[in-house]
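For reference, the structures are reproduced in the following blocks.
Look at the two complexes coming up: chain A is in both, with chain B in one and chain C in the other.
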Partner chain A sequence: MTLDRAKEIVTNRHDYAREWKKKTGSKVMGYFCTYVPEEIVYAAGVLPVRVIGSHEAQSYTEPHIYAMFCPFSRDVLAQGLRGKYDYLDGIMIGHSCLHLRQAFGAWMTNVPASFSYYMYTPAKIQSPHAKELMLAETIEFKKAVENWLGRPITDGALDKSIEVYNTNRRLLKQIYELRKADPPPLFGSEAIELVLSSQLSDKAEHNKILESVLKELPQRRNGPQGGNIRLMIIGSEDDDTNFLRYVEGLGATIVADEHCTGSRYFWNETIPEKDRLRAIGNRYVNRPPCPTKDWESRRRFVHIMNMAKEYNIQGAILVQQKFCDPHEFDIPPLKALLEKNGIPSLFLEFDITVPIGQFRTRVEAFLEMLQLEVV
Partner chain B sequence: MTTQVEYWRWTESRYTNPEVDWRKASTITAGIDVGSVSSKAAVLADNEILAYGLMRTGSNSPDSALNAINRAIEGTGLTMKDIKFIVGTGYGRINIPFAGKAITEIACHARGANYIWGPVVRTILDMGGQDCKAIHCDEKGKVTAFLMNDKCAAGTGRGMEVFADLLQVPITQVGEMSLQVDKEPPPVSSTCVVFAKSEGIGLLRQGWSKNMVLAAYCSAMAHRVVTLLERIGMEKEFVLTGGISKNIGVVSRLEKELGIQAVPLPKDQKFDPQLAGAIGGALFARDLLAKSRKAF
Partner chain C sequence: MVTSIKKYQTRPLDSFKKAMELRKEYYQNVMEAKQQGKLLITGGADSMVALPAGLGDYVFFEGEPYGATISMDPEFSGKCVEAVEAKNFARDMCAYMRNYWGSMFLNKYYFGGEFPKPDFVMQLGFCDTHAKWMQQVGEYMNAPYFGIDMPVGTPGRNVDAKVKYLTSQMNDAIEWMQKVTGRKYDDDKLREAVRNECKSSALWSEIVCYNKAIPAPLEQRLIFSLYIVCILRRHERKSVEFYEMLRDEVKQRVADGIAAVATERCRLMDDSQPPWYFLQLYKYMEKYGVSVVGSHYSFFLGGSLEEMPDGSLGAPKTPDEMGMPMKTREDILRAYALWYVKKPIISQMFALPHFKSETMLRLVKEWKVNGVIFHLNRGCEGTAFGQMENRLALTKAGIPVMTYEGNMADRREFDEAQTLKRIDAFMESLGLSKLEG
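What follows is the complex of A and B.
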């Protein structure tokens, strides 16, 4: 199955990036948040790879950022300090939350790269000026990349990049569409791996993987069983696919998600227009938002409730990286909204490693609760 | 030779219901609740509790489970072969080789509470050895919502054992002694058991009596679980299960802070609310057996 290839990219992400570099002779840029307009990096012939969690206990970050920073930001920084990303030529972040920005700052100070860039992105996507602001910042960012590489990024390269990225988004959405079936042809852990592998690999190559997966899925025999409880996972950055596999081994199938490692990453396409940078910028303002930017009306909740209905979910797991204030603020109204719509939810607070014993009891009890009869 | 007294060591026990003749029962099932501190087994003859065993959990779940069930059937004439279905619950539930199914202690406590106190029960507070759970259930004892404390022993039986040892007070007397104070002291402020213990030592050095320190700890524990109940919401009727439910010092302070009295154990009740999970397990075992018989 080509699905295994996606898992392999996620598992051996560093090998993948190193090999890509060797093969192409080009540069690799690590990025910290999905608000980075990757199309520009890709159009410059640089491979953007997202820095995601390693889930290894660590003791490297304490001198740089305090222990009440979210586990994800600490995990990210630890990997930088340990030299796990020594192949990166540049690093960048699109402004979202302060924990991750501070982790980026500590990385920049302690692990110098030839290019490091903090891109401001609108903190309030509902603002009537958000798109203009995003455009201005996108123009600045493009200039910075051009200066770094010493060559311009052409309109032709941008068009090609937009097309490759849109294809990737469209293919992922087609695969997600299949998850509406009962049983869906793939597990939620596999779907997240498809998205993660997209964030970690060359999109042109990833598109081929997705095309094969789309062809193979209808014939698949070893997918999830019918009659399992249909769950949605909602919340913070979540790359803990081992935990998702674990949940799906207990008689549930994760059929939908709202994470930046899932649907939030690819749900909307760039709508091409003559001003390429405006088109790219608009796409990021219009995407299903991260709660750091979603104010005051909640576009995020609309996306969640649409998905919950379309994917016919029976329950939701609300995943929060410990100390993630933006999500913490959204969870009580979200829980109430789900409940009002007849969807019970389970709240879990994630750390770099999760307490599997306690979580097992909570998840199992939640699934027992969702069944008509316990036995 | 010096004798080392361990004050936390509560007495293991067992019970046989003299009014039940298992030989006349059509179905015998059991629930085994291997908790972090205690292992409980309850044997059900049709719909009646026949016997139970309440033992300390050892270093592995299979042995602890076997120990509890053996103690439960001791002297009843029953053998393991007579028990037609066993449900495992508690944190060791997945590691009980002779259990036909594992069900969480959350579902089992709700079911057990429904059996013990009747269908009026809506909120259950299970205060266990190493965690604490607030559970809502319907009239059938099916869970409708639940919350668990975080990964910390504060507000749990283990914390109370640490204090019993520190003050050299047998664990069963902690509750009563904590109420024998002229004035209620402010609660211990640390939520971490290790820090709370240090705080307790500090209070003793300041000249506090044992009773005062116990009062401060029981009060802190009560306050801590109240926040859990406030988060899930309080629905009447309310009952307490788990080992701490037998500590009057915690329970009375909890009731005071909540402004609600827990439903007392029924008068004819001879067994212990710490057994609620095991009883729930035995009831699920009975349902599972009925279901499998129906299928054939």
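What follows is the complex of A and C.
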């Protein structure tokens, strides 16, 4: 199945990027957070790839990041310091959390790259003025990329990039729509792999993968079983597909998610307009928010509850990277809101490596409780 | 081994008492705001505290200094943080916030009575905590909340757009404040408050520059007692008057060769907020003849430094001194926005680590510092941001550096004995031993 190709890209992401570079003779840019206008990078002929977790124990970051910062940010930096991303020509981050920005800052200082850029993406996306600032920042970013490459990014290239990205988002959303069925035709771990592989590969190529997956899924025989507990996963960056696979091996199917490694990444499209940069910027302001950008009112919770209803979930696993302040703010009120709406939840705190034995007991107990509720 | 050393002349600082009076009066005002017919607004210490001035009399109840104050009382602080943890919030979150939230959840104001109910909540968001802290306060206290997004980003980039963004948000805030309070907005009062704030901040910056002198007229414990007016009340005329008085006194101390630490023979800087419940740390270092002459944090929380024509760092010009127009509301807001965009505490500390490293290297050189102590502060991810990279940058420049772990406002995460041992070892590495008498 083509789903395997997505998994292969995630597993062999470094080989993929190196091969792409060799094949195209172009540059690769690593980005640290999904609040970056990737379309500009792609329009410049550069491959944007997200730096995700390795889940390998490490001892490289202690001199660079104080241990109270989240394991994901330390895992990301460790890979840079170890040279795992030595093929990157540039790095980039959009303003989101302090944790990841620190990893970016330390990477920028200690790992050579010919281009590094920190872009401010407004935190108060609910302000009517956020889009204007986003536009100004997007314009500056485009100029910086052009200066780096020594060539302009044309309107035609931007149009093509927007179209490729929108197609990717549309296809992913179509696949997510299928997950509303019982049983859904694919596992949650596979859905996350589709999103992760999108973040790690050439979108044009990825679109072909998604089209094939869409064609293959209706005929699939070895997907999730009907009658499994329907779970939603919610929270911090979560690229630990092994853990998801494990949960799904215990009689549950993850049918929906609210992660930047999942639905938040692709949920909304760029609405084309004459001012291409404005259109691109608006999309990032309008996307389902990360907790850091969800104030004064709680729009994120509305989005989560809508998803929970549409996907008919029976329980939720709240995943939080240890020390992740933005999610630490949202989890207690979110847990209360889910419970108020009859959705039990299990809170799990993730580290670079997951204590699978301890989590097994907790997940099993949670599923058992849900099964009793169903009965 | 103990060593004898010559002593500088020293004397108590007259302005200290006034600073304490102003602080005490502030917390009294928070408690009595309603009785006095004043609006009570709550938000962060780095909020644009002059902005509500157009509404008339008000008290801006700041979260961080209140959280720090609570931390000095272990019993009450313990109850506060436990009240927060009982609501399932993590114990690694901002320690100031947990003390403030705990006091709110317990409905106990530290200085007596019930936790003050704000008329509204206004916050400037520039770290992961600020905006979300006050979101919870607004919800729990059932008080309207307006947050202003501080565009951090790369310093110097897109300044016009950032100023416009802030100005637009402030305009919205003014409309919003009029709506939620039913009060009319007076631009003259705004102008006066913005002028006071900028002047207070510039005066504070001028004062810390006097600490370049040997011996230093102020040391860090004293600095913390003095900067508080610029944190709590910088938009008030009383603050400007206080800092004019302090500036004159500090200037005279330099002229007279008055030291804050009579035995000064080594000058250190530290980094981040201290463990507020253990300020004896500085007294302990004095036994070695150490004067802690300031820090990036204590200089910049209330102040700002700019490059002077001679290349040194000095106090910034206020909007009036820069010749910025201050006639219309738009003029005032633009000047105020630019003031915040240039604030080093935001633009350096919260952007990328190397911006702060560069400034720290300059501070070390100009303030003639022999070493730096980093408080790796588990209580504030904002000031802990980039500390390890700052440490590496200083080490690379040949500056002796020491670190200790702790928490500015949650003493459960501070090991006093271990910290003092580390200080002893650092002193030894600097060739210092305890002094006689």
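The working rule: the second predicted complex is superposed on the first by the 372 of 375 C-alpha atoms of A that agree within 3 Å, B and C clash if a C-alpha of one lies under 4 Å from a C-alpha of the other, contacts with A are read in each partner's own complex, and residues count from 1 in each chain.
Note that a contact is a pair of C-beta atoms (placed from the backbone, for glycine too) under 8 Å apart; a residue touches a chain by one contact, two chains touch by 3 or more.
Here the structure is a predicted model, which is why all the values come from computation and not from measurement.
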When chain B and chain C are modelled together on chain A, clash or fit: fit
Angular separation of chain B and chain C about chain A, which is computed from CA centres of the superposed model and rounded to the nearest 10 °: 80
Contacts of A:338 with chain B and chain C, given as first, second, both or neither: neither
Partner chain in contact with A:210 - chain B first, chain C second, else both or neither: neither
Partner chain(s) touched by A:317 [first = chain B, second = chain C, both, neither]: neither
Chain C versus chain B, contacts on chain A by residue: C
Touched partner set for A:358, first chain B, second chain C, both or neither: first
Distance of closest approach, chain C and chain B, by C-alpha atoms in Å: 5
Residues of chain A that lie at the interface with chain B and also at the interface with chain C: none
Contacting residues of chain B [partner chain A, same complex]: 91, 101, 103-107, 111, 131, 142-146, 148, 150-151, 284, 287-288, 291
Chain A-facing residues of chain C, complex: 87-90, 92-94, 125, 127-129, 131-133, 135-136, 138-139, 145-149, 151-154, 157-158, 161-162, 164-165, 168-169, 172, 350-354, 376, 378, 381-382, 384-389, 392
In the complex with chain B, residue positions of chain A that touch it: 344, 349, 355, 357-358, 361-362, 364-366, 368-369, 373-375
Residues of chain A defined as touching chain C within the complex: 62-66, 68-69, 95, 97-99, 101-102, 104-106, 108-109, 118-120, 122-124, 127-130, 132-133, 136-137, 140, 291-292, 295-296, 298, 323, 325-326, 328-333, 335
